[in-house]
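Dropping the structures in below, format is structure tokens.
Each of the next two complexes has chain A plus one other chain: chain B in the first, chain C in the second.
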Partner chain A sequence: MHLAGGRLRDFARGCDVLGGGGGGQARYALPLAVHAVELNGPVQVVPATELPANGLVMPCTFLGAPAIGAERIGTCREAATIRGHVERHFGQPVVAMLCNEIGGFHGAASVALAAHAGLPMLDADGMGRAFPGMSRVAMHLAGVTPDPVVLADEHDRVVAVHAGDGWAERMARSVVVGFGDRGVSSEYVMTVDQVADAVITGSVSKALRIGELIGAAASVPDAARAIVAEFDGVLIAEGRVTAALPEPGRHTPATIEGTGADEGRTLRLEVGHEYLAVIEDGQVLATVPDIITVFDTYTGEALGAEELRYGQRVVAFALPCPDVWRTPAGLDLVGPAAFGLDLPYRPVVAS
Partner chain B sequence: MNPDRSCRLGLSMQRDRFAAALVESDGTVLASIERPLTTAAASTVMPVVVEELMAQAGPRGVDLAHIQQVMIGVSEIDGLAGLPGASDGWRRWPGQLGPVAVVRLGAATTSLPPLAGWPAELRSSVSIAEACVAGGARLDGTDFEPLDTAALVAFARQISGRVNAVAVSSVFAAVAPGHELAAAGLLRAELGDSVPILLSHEMGGSGLLERENATVLQAALIRRAWGAAHRLRRSLVDVGLSHAEPFLARNDGSIMTVDYALTRPLLMHGAAAALGARGAALLAGEPEALVAFTDVDGEPTAVCSVTAGSAQLAAGPTAIAGVQTGLRTVALVPTTPPIGGSGCGLPQLAAAVDRAKSSPRDLPLLVIGPGAEKLVDTLPGPLPGTTLVCCPPRADAAAAVGVAVAPISGEAVRMFSANSAHGDDIRHRTREQARAAAVHAGADPVTVAVTDFEESTVPYVTEPTVLLRARAEGPPRVGWRRTYERS
Partner chain C sequence: MHLAGGRLRDFARGCDVLGGGGGGQARYALPLAVHAVELNGPVQVVPATELPANGLVMPCTFLGAPAIGAERIGTCREAATIRGHVERHFGQPVVAMLCNEIGGFHGAASVALAAHAGLPMLDADGMGRAFPGMSRVAMHLAGVTPDPVVLADEHDRVVAVHAGDGWAERMARSVVVGFGDRGVSSEYVMTVDQVADAVITGSVSKALRIGELIGAAASVPDAARAIVAEFDGVLIAEGRVTAALPEPGRHTPATIEGTGADEGRTLRLEVGHEYLAVIEDGQVLATVPDIITVFDTYTGEALGAEELRYGQRVVAFALPCPDVWRTPAGLDLVGPAAFGLDLPYRPVVAS
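Right, the complex of A and B next:
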């Protein structure tokens, strides 16, 4: 399988769905991916089984503030610079790139980074959705060390952080501050034989498939139904947003009032960087780490948490998160309490 | 005849219809018309406008000599400017599109080079050369890269004699425009004074790519805009209005002088919607309202919301000729959704009304455009979410009234560290820059004033950073002296 042409658009749409309202919008990273593929050719997507067991898998992602990234758009060659340093440090070739965060902007951006680094993408990612923070990845739960964190800016300034777990993210963030709030980083570098239990497998093909389902659906609610049917999710409701106060980084509730067949229902949506929970009549319908997605039926876009506005016509649905997040250790890291919610985790179960 | 009397003539052109109004300096609307358009060009419309408006206003003692200003707005610029892929219906500005050269100051920005992602046809018809050379700023105002003057001079020699204009953009130009200004000096020395050099910081807007795209489109249109301005002034002379100063309407519903618009033709995009909203609010006396636009058959086409008498602008960028630009236009909610939409009628209107609002508060819905009365007459009853639905007086020509009474505006945007010791000085200077921008666009220097001053923080940035946005408004200048007469 490879990513190029129209598949890139499908893939980006799927990334936006898996973002669950967080991670920024993949549609803004799509031009980067399209240009990178035009320049370097299609990006191959490979399963771990097709790679040499002792080859290195390199996660790679953008870090920093969106307002800076809008001006300092970078080269995407940062990934190639980082690759060189990782190979010199480990004395082994990197054989594939791993997308850290499939949900939202970073899912689509990782295609651009892989293309410029001349690497195929592993059909996997670190989250299976979007989360804030560097350590909310499956690699962390599997005990893979993030060291060394290798960071680069667009002028090939490179910093390698050897700080140990717990300190890696802190130190890496202060390096990015030194870069001026924009950089590219790689952490949790693994060998291929480490990968099997340490990543979310199949994420890239899942996002692509979701995008294909959206493209084939006759209407936006139909797309939601098709995704839910294929990926064991639940359709929550169709409705209109009757209250929303999006503020970057703040916890704010939004209200969706049912329309059509859902007339008379009132849903409370807890909104942070992403959609955190859906509550109806005091009953929790879905919470993090399951993926709550809200489609705007008017534009067909998956709405980012900060894009929610009064008056939007929407369809909301939830998809189960990867199993690793449903373990006790996983819920400690990314369960409702980790996002400041005093709610029990009630897994989404397909009806 | 009262020699002190002063009137403004407003003209708003859509693709296939136009509206015109004559407004007294105290705001009284003396005459208005709304008609289909055979050729969407000011030169063919102007004689009809003057004849019909004067037929209405003449008996009220108005003479052509009383018309001191002529304000013109258009619905979209891409068709008018002859950009490929735009809808037909406009008589396109003749002449060459481009050719331009594109310079980006910021070598390490090649993840998307200049014009990457542009429609191929447009790109090849607009640009002959693009370059990313070292330069630009960082958020703290220091150099992103030192300006590569040698590369700029080499590029200038390569394009010399082959371009009609040059578009220059740079990283964080809104924070520190110094490199753009220095580059303009170098380019001018090589290319001569006759080649306009457009700088992205003058276009405003954050986001390197959107700002650059807007700058390139403006540069490409300059030759055509010159021709259009010439024909516009000539058409005023032909109808006996050589003494009246022409103004052009812009995206946000304010107006600018023709000279100002010459290097910023893109700003004319989407003006008609903003003017319609302004006119509707004024005519109905409702500064907080929703405005529905209609077609000639009485069908609603779009809804927008009005606060403090002006249309609300969309948060996002505006696509023109398939290119994302930093231009902000009215947040119009079409009654036909962009996907899966069909038909237009009452349920679609009600949905668009709800979507155009920013809160559940019910607001009056002002219906304007050629089919306004027809739509209001066919409404079976109250519309959900509205306090009333009304058709203000002269609703068909609301956009023409809106342009006739529009102010001139200027904006200044500035980012700086919240820890700066010069914060108050920077705030003061930003307000002065907004006032200066309005005067530059043609506002009366005596009465122009800062009407809006927003201060916010840039999210997720480690160094606390303040974003200032100042807006000044004022009435258009008076005392225009005729400088152009048919010999």
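Right, the complex of A and C next:
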């Protein structure tokens, strides 16, 4: 399988769905991916079984303030610079890139980073969705060390951080501030034989498939129905946003009032960096780490948490998160309490 | 030659003299050096001719906010952590430490860093005095690259910066902010055969000798006279500070009114991070990069630029800077204009 042409758009749409409102918008990374593929050719997507067991898999992602990144988009050649440093450090070739965060911006951007680094993408990612925080990845739960965190800017400046789990992100963010609040980062480098238990397998093909379902659907509600049917999710409601005060990073509840068949229902959406929970009449319908997605009924775009506005017509649905997040250790890291919610975790179960 | 016991105090006194008011006070680093030598034994001071030509010389210095460093003094084992990283990076053993900045705090601290790293000190330094800024070193003028800048904190966290000359310091400071505003840094690592033209030779023994002269003098003015006689300097004046508003990092002129044989003279001292110039009746008596030192007549301590206070009895004198700073390239980097002074450079010449 490879990513190029129209598949890039499908893939980006799927990334936005898997973002669960978080991770920024894949549609803004799409031009980077299209341009990178034009320059470097299609990006192959491969399963771990097709790679040499002792080759290195290199996660890679943009880091920095989103507002800076919107203007200072980088060249994505940072990934090639990082690849060189990683190979020198480990004395082994990198054989594939791993998308850290399939959800939202970083999912689509990873195609651009892989293309410029001259690497295939592993059909996997670190989260199966989007989360804030460097350590909210399957690699961390599997005990992989983030060291060295290798960071680069678009002028080939490279910084390598050896700080251990607790300080890796703190130090990486300090470094990126020095870069001018935008850089590319790689951490949790593994060998291929480590990835089986340390990544979310199949994320890239899943995002692509979701994008294809959206493209094939006759309407936005139909697209939502097709996605939940194929990926064991649940449709929550169609409705209209009647209250929303999005402030990125703060809990700012929004209200969705049902329309059509859902007339009379009132849903409360807890919103942080992503959609954290949906509550109706005191009942939890879905919470993190499951993936809550809100489609704009008119545009078909999966709305980012900071994009919710009064009056939007929407379709809300939820998809189950990867199994690793439903373990006790997973819920400690990314369950409702990890995001400040005093709510129980009620796994999304397809009806 | 080795540094231990009473020689450490002499050395620290000499470092304060060579600081020219800048670089912080060596007396505050003296306990670090004493403790490190107690734990690790005396530090050998060696000329480059006694070291293997292809061995590495590792400059090493504390970095961060002085106010933080006063409370969070580090362990100096950071130097051992850095040594390990440098040796792995270059694949060669480090055979000596180089003091970056002999003047003030960092001169005395370098003994502690060398002791903990298990290294002798090269009888040399990077400045021959104190300067603010990572690139104001002889290594920079000689074209040595600062990369990699290797930084560590007291918890063995290590960060390596490959950013080139222009960004090395910016990135290093960002990293140190991440450490909590205190760390140890090494940059401009060289092989022994590179040092001849790239360091200030003899700095350590010079500081030690100055300290010995102070210890042997019958009075503070006598100490000043002995130092200028041996090191081709000039005595400027004895007097009293009659105006001083020290604000570190800002140009805040101070006034010294002559006493005794200098009665009736009025000197204006331009003060920045260090003493930048002495002016009398419109004549420049001394400027950076020459070393202007102000002794407290009662304590015999070389006063830091931020320690000047109204009413202090002082003896001011100047020593010539190393020749490398008197070249056109040297004056570009550290001449009066580099510190914002619209003054000509008038080299100190022994009368």
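Rule of thumb we're sticking to: the second predicted complex is superposed on the first by the 351 of 351 C-alpha atoms of A that agree within 3 Å, B and C clash if a C-alpha of one lies under 4 Å from a C-alpha of the other, contacts with A are read in each partner's own complex, and residues count from 1 in each chain.
By definition in this document, contacts are C-beta pairs under 8 Å (C-beta built on N, C-alpha and C of every residue); 3 or more make two chains touch, one makes a residue touch a chain.
Just so we're clear, the structure is a prediction, and the values are computed from it rather than from any experiment.
Novice: Regarding the shared-chain residue A:205, is it in contact with chain B (first), chain C (second), both, or neither?
Specialist: neither
Novice: Once the shared chain is lined up, is A:40 touching chain B (first), chain C (second), both, or neither of them?
Specialist: So A:40 meets neither chain B nor chain C here.
Novice: Given the touch rule stated above, what does A:240 touch, chain B (first), chain C (second), both, or neither?
Specialist: first
Novice: By the touch definition at the top of the document, which applies to A:170: first (chain B), second (chain C), both, or neither?
Specialist: After superposing on A, A:170 lies in contact with chain C but is clear of chain B.
Novice: Per the contact definition in the header, classify A:158: touching chain B only (first), chain C only (second), both, or neither.
Specialist: Touch status of A:158: second partner only.
Novice: Report the partner of chain A that touches more of its residues: chain B or chain C.
Specialist: B
Novice: After lining up the shared chain so the two structures overlap, which partner does A:311 touch, if you call chain B first and chain C second: first, second, both or neither?
Specialist: first
Novice: Residues of chain A that sit at the chain B interface in one complex and at the chain C interface in the other, please.
Specialist: Of chain A, residues 155, 177 contact chain B in one complex and chain C in the other.
Novice: Which positions of chain A touch chain B when the two form their complex?
Specialist: 31-32, 34-36, 64-68, 70-77, 112, 154-155, 177, 180-181, 218-220, 240, 242-243, 248-249, 297-300, 309-313
Novice: Along chain C, where are the residues that touch chain A in the complex?
Specialist: My answer: residues 85, 155, 157-164, 167, 170-171, 173-175, 177-179.
Novice: Help me check something: in the complex, which residues belonging to chain B touch chain A?
Specialist: Listed in rising order, the residues are 106, 108-113, 116-117, 138-140, 144-145, 171-172, 206-209, 337-341, 351, 354-360, 458-463.
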